[in-house]
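Before I ask anything, here is the structure I am working with.
Note that the chains are named A, B, C, D and E in the order they appear, and that numbering of residues resets to 1 at the start of each chain.
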Amino acid sequence: MNISKIANLKFFFTKTKNLSKFLGYLTFFLMLGGIYWGLFVAPSDYLQGESYRIMYLHVPAAWLSLQVYMIMAFAGFISLVWKVKIMEIISIQCAPIGAYFTLIALVTGMVWGKPTWGTYWVWDARLTSELILLFLYIGIIALYSSFSDKRQAVKITSLLTIVGLVNIPIIHFSVEWWNTLHQGPSVTKFDQPSMHISMLLPLLYMFVVFNLYFVAVLIKRVQLGIYSREKKSKWMEEYLNG
Amino acid sequence: MYMENALENFEISISSATCLKSNNTIFSDINYTLKSGELLLVMGPNGCGKTTFIKSICGIQKLEEGAIKLNNVDISHGDSQHLGNFLYIGHKNSLNDSLTVFENLEYLCALDRSIQNNIKSEITRNLSFFGIENYKNYLVSKLSEGNKKKTSLTRLLLTNKKVWLLDEPLSYLDENGANKVLKLLNNHLIGGGIIIASSHIDFSVDIGNSKVFYMDNSL
Amino acid sequence: MYMENALENFEISISSATCLKSNNTIFSDINYTLKSGELLLVMGPNGCGKTTFIKSICGIQKLEEGAIKLNNVDISHGDSQHLGNFLYIGHKNSLNDSLTVFENLEYLCALDRSIQNNIKSEITRNLSFFGIENYKNYLVSKLSEGNKKKTSLTRLLLTNKKVWLLDEPLSYLDENGANKVLKLLNNHLIGGGIIIASSHIDFSVDIGNSKVFYMDNSL
Amino acid sequence: MIKTLFYKEFQNYFRNLSSIFLPLIFFFLIISIFPLLIGPDKVLLNKIVPGIVWITIIFTTLLSSNNFFKDDYNNGYLETFLTSDSSVEFILFLKIISCWLFTCFPIIIFIPLVSIFFNISMKDSFIIISTLVIGSPVLISIGIFGSALTLGLAKNSILVPIIILPFFIPILIFSASAIESVSSGTPYEMQIYILLALLVFVLPTMPYLLKYTLSLSINN
Amino acid sequence: MIKTLFYKEFQNYFRNLSSIFLPLIFFFLIISIFPLLIGPDKVLLNKIVPGIVWITIIFTTLLSSNNFFKDDYNNGYLETFLTSDSSVEFILFLKIISCWLFTCFPIIIFIPLVSIFFNISMKDSFIIISTLVIGSPVLISIGIFGSALTLGLAKNSILVPIIILPFFIPILIFSASAIESVSSGTPYEMQIYILLALLVFVLPTMPYLLKYTLSLSINN
């Protein structure tokens, strides 16, 4: 038995118990503040009126859907190359969270699309590739859950995740390669300094809050992941009993 | 470090080999050293880990800890140069059902760099050793279980590899076939090779220079 | 004509059985009669047709000529009523890799109408006969070769079928396992059953009432 | 006994409960590929949606019936199964039903959602669903039959589709014609009746046909 | 040695010489199903032909790469192969190439014929063929990678398509965009270059990725 490897998981499990709780409460209150800022303080848009405010959910969620994927792939890579156990768990536990952000980006995008584009859905490259990202997340989760041997499962899914990185630039640059509906007037507005700061600041704030939320959920999920993998091990029994 | 004919000092050492599968320890801390001309017969009850042990020597199965050394060079991280010394024949025959006996052997030999001479004539010649020359152009799917085994064991006659890893080489064989295998093993040892084999029948008495390793850590 | 407990006059007769495969005669004109309590041990070199012969008795392999009679009723045209008397365990284990040991046995038993009582508890109880009770909830893909065989042989303990057809039942088994199989065979014969088995090891000496049928018409 | 066998056929699919969603995701993937390939022209897309739905069902059928018996054949279960004294035909029937239930059925129940995506009218979506409910079990049966026919052969992934696609044609013709009739307001009952007749004929006879085909395959 | 191995990969497909025509027949079957499902409207059909061709190629890829290594895995050849001292990567490369040569290639060379059927201009048909020639080897590679990933799993015919379809999207986007550009007269070179870059990147790296994936799969 390699003690350092076990200790690794044990360290994380025991040290982060309170951290995740603290982060959970923190994000909750920060989120309330952000919603207030975005909905009531920020000025309304001269073109879209009030409907643009969904941006404060849509854009951070969309950004995180990409960011979480990159973190997941990074953790997967480390777990494959250096066999760091904690990274295995982090990598796979990112997947449901990422899928969740992707779903939020899709739903808020659709809700936003109705007033701005007059339809919930168009088949343009940005929208389609974001939908595909959701499928990629689901594929990764499905592949993972198909294996009965979870150590094997992590190795295989990490490979898939890393290869899947190619989709990230495609989603990001899709608007440039396929000039269609997405990101029309709302983005050009960022170039106008008058509206810029007052709208951008709450957006950045929400982005930070979403990130905190992600970290809080991730830590909780990783703890559960460690528990389900190590529940039969000695240190876990000792820890839970004593 | 492909050892052409320098058989004299050839040595395999297995040190503190430990293997895990889905968090179960299959075996732990196995230490053995084998020199040219020696056979290690792995015995033990079903499920004790014989197959896993043999697979771990040629790198099909990764070890959790420990090392496999070939003349003091650790090969447990699998580089194909050193794999050139191993021939593994396991429970499964590596035979493609939709190819003939001859074609199967031809392709298996093409993977084996230790074979230099004309494969085709060699195969035809050696099929008669186990008496399966009449099946040469049979599809493998039409062979009986024992004849499949004989086909895959014919590789032993063709290869020049130094270390043979054989997992229950006698299974499904008739008496005659089994005796021929034992003869082959003896010849290989005399030629300075090394053999690691598993079996439920203790054939070490029929073999010159052999050790028996009795595994017993079944669940 | 499912023979509940009327074992006394039970009889199988094989008359002038002939089998062709892709126009090759595998065996021809085999005649045997077996009564309750008798074992027929089919022996012979690889490829002589043992497997084919055993398969032809329960109708997996169709005969070209001849008849298989159960108490003088010809069953070689395969109706499932009479198949109710046969249990066939061949080279292959009939085990689904992605189900557990327990589930596999459960489903195999569900196909077997001779089993009337509570299957689940019976299976759990009988797994310990071969000492594989710890593998009960293992996926079959994770078992060792011998333990797969033991799993499929556990069906012998569960079934009430009268005629057992066993193709090399001892292959891959450790010594202990093989002895247990022989014990089972003996018990079945004592209970009035009939067994037709193939093997490369002549175990007829260990069995009460046995005939050896030496096939030899290999290609 | 029957209960256990029933359960078994289902368990194969149920082992990962999440895997009932897989056909659905497959469906959405295919659906979202079409606009990429054909272009996002709404009018064009709307016209071909029923076709896309049917194509997806066809491919789901091809993929899920491909090598349907291969594993059972390789591990010897088929021999045990076919020479057992239980009701082989009934179990084969269960196999067909459960294959349908876990591949086509999840897709069909999500068609209303797709209809919203593509602005398809209730009436049209209803007839698409009806033809699918009646037609897809027949497709699955034919697919499984195809895989039984090619059981003894070496892996050939394209052969089965080629064998069975011609048999799909009648069902496709009547379904397409029913959908067409509804959108053009002409009577469509006739086509539905023919589809129903096919279903009623194929489903009960297929297990017998399958049993015979399989017993030829194991006796080679 | 290399010659023998080369020959082997080809022989798998060549054993029945007739089987090179199978992908072709499959292609024509699919092509002829579309008018059935969409209706015989010529203008509509012409518009979606490039899409149909691509869909057919996608499904051919899915079908032929599904369970690509399964037989070799089951009979133990994969273990022998991966631990041999021959050039494993090179043989894997051969496998990819030969799979492409016997499934996608026959379809591609018959596209001019299809173009005549559907009144597609030379220029359009040329760009369809170009994108297919460049894109389909990448699709095949990805498909084979998907089957390597799922090697250790019980049969699940839908999982592989779900895993790999997202990776097809980039290729589809650029191909469709190139085809679109040609018919609308805008420059298309950029897209072709991107496709070429993908091909040049994927084909040489895939054997290494495959070897790694397979060696993880056999070591379970």
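Methods note: a contact is a pair of C-beta atoms (placed from the backbone, for glycine too) under 8 Å apart; a residue touches a chain by one contact, two chains touch by 3 or more.
Keep in mind the model is a prediction, meaning the values are calculated, not measured.
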Reference chain E; chain at largest CA-centroid distance: C
Comparison of A-B and A-D (more C-beta pairs in contact): A-D
From chain A, the most remote chain by mean C-alpha position: C
Whole-Å gap separating chain A and chain B, where each centre is the average of the chain's CA atoms: 50
Whole-Å separation of chain centres (CA-atom averages), chain A against chain E: 32
Separation of chain B from chain E, taking each centre as the mean of its C-alpha atoms, in whole Å: 37
Where chain A touches two or more other chains at once, by residue number: 125, 128, 132, 135, 138-139, 142, 146, 149, 152
Per-residue overlap in chain D, given as positions that touch at least 2 other chains: 15, 19, 22, 25, 29, 36, 71, 74, 154-155
Where chain C touches two or more other chains, by residue: 21, 91, 97-98
Chain B-touching residues of chain A, taken from the complex the two chains share: 2, 149-152
Contact footprint of chain B on chain C as seen in their complex: 21-22, 44-48, 50-51, 91, 134-135, 142-147, 149-150, 168, 171-178, 200, 219
Residue ranges of chain B touching chain A (in the complex, touch as defined): 21-23, 65
Complex interface listing, chain A residues touching chain D: 120-125, 128, 131-132, 135, 138-139, 141-142, 145-146, 180
Chain D to chain E touching residues, read off their complex: 15, 19, 22-23, 25-26, 29-30, 33-34, 36-39, 44, 47-48, 50-51, 54-55, 58-60, 62-64, 66-67, 70-71, 74, 103, 154-159, 161-162, 165-166, 168-169, 172-173, 176, 180
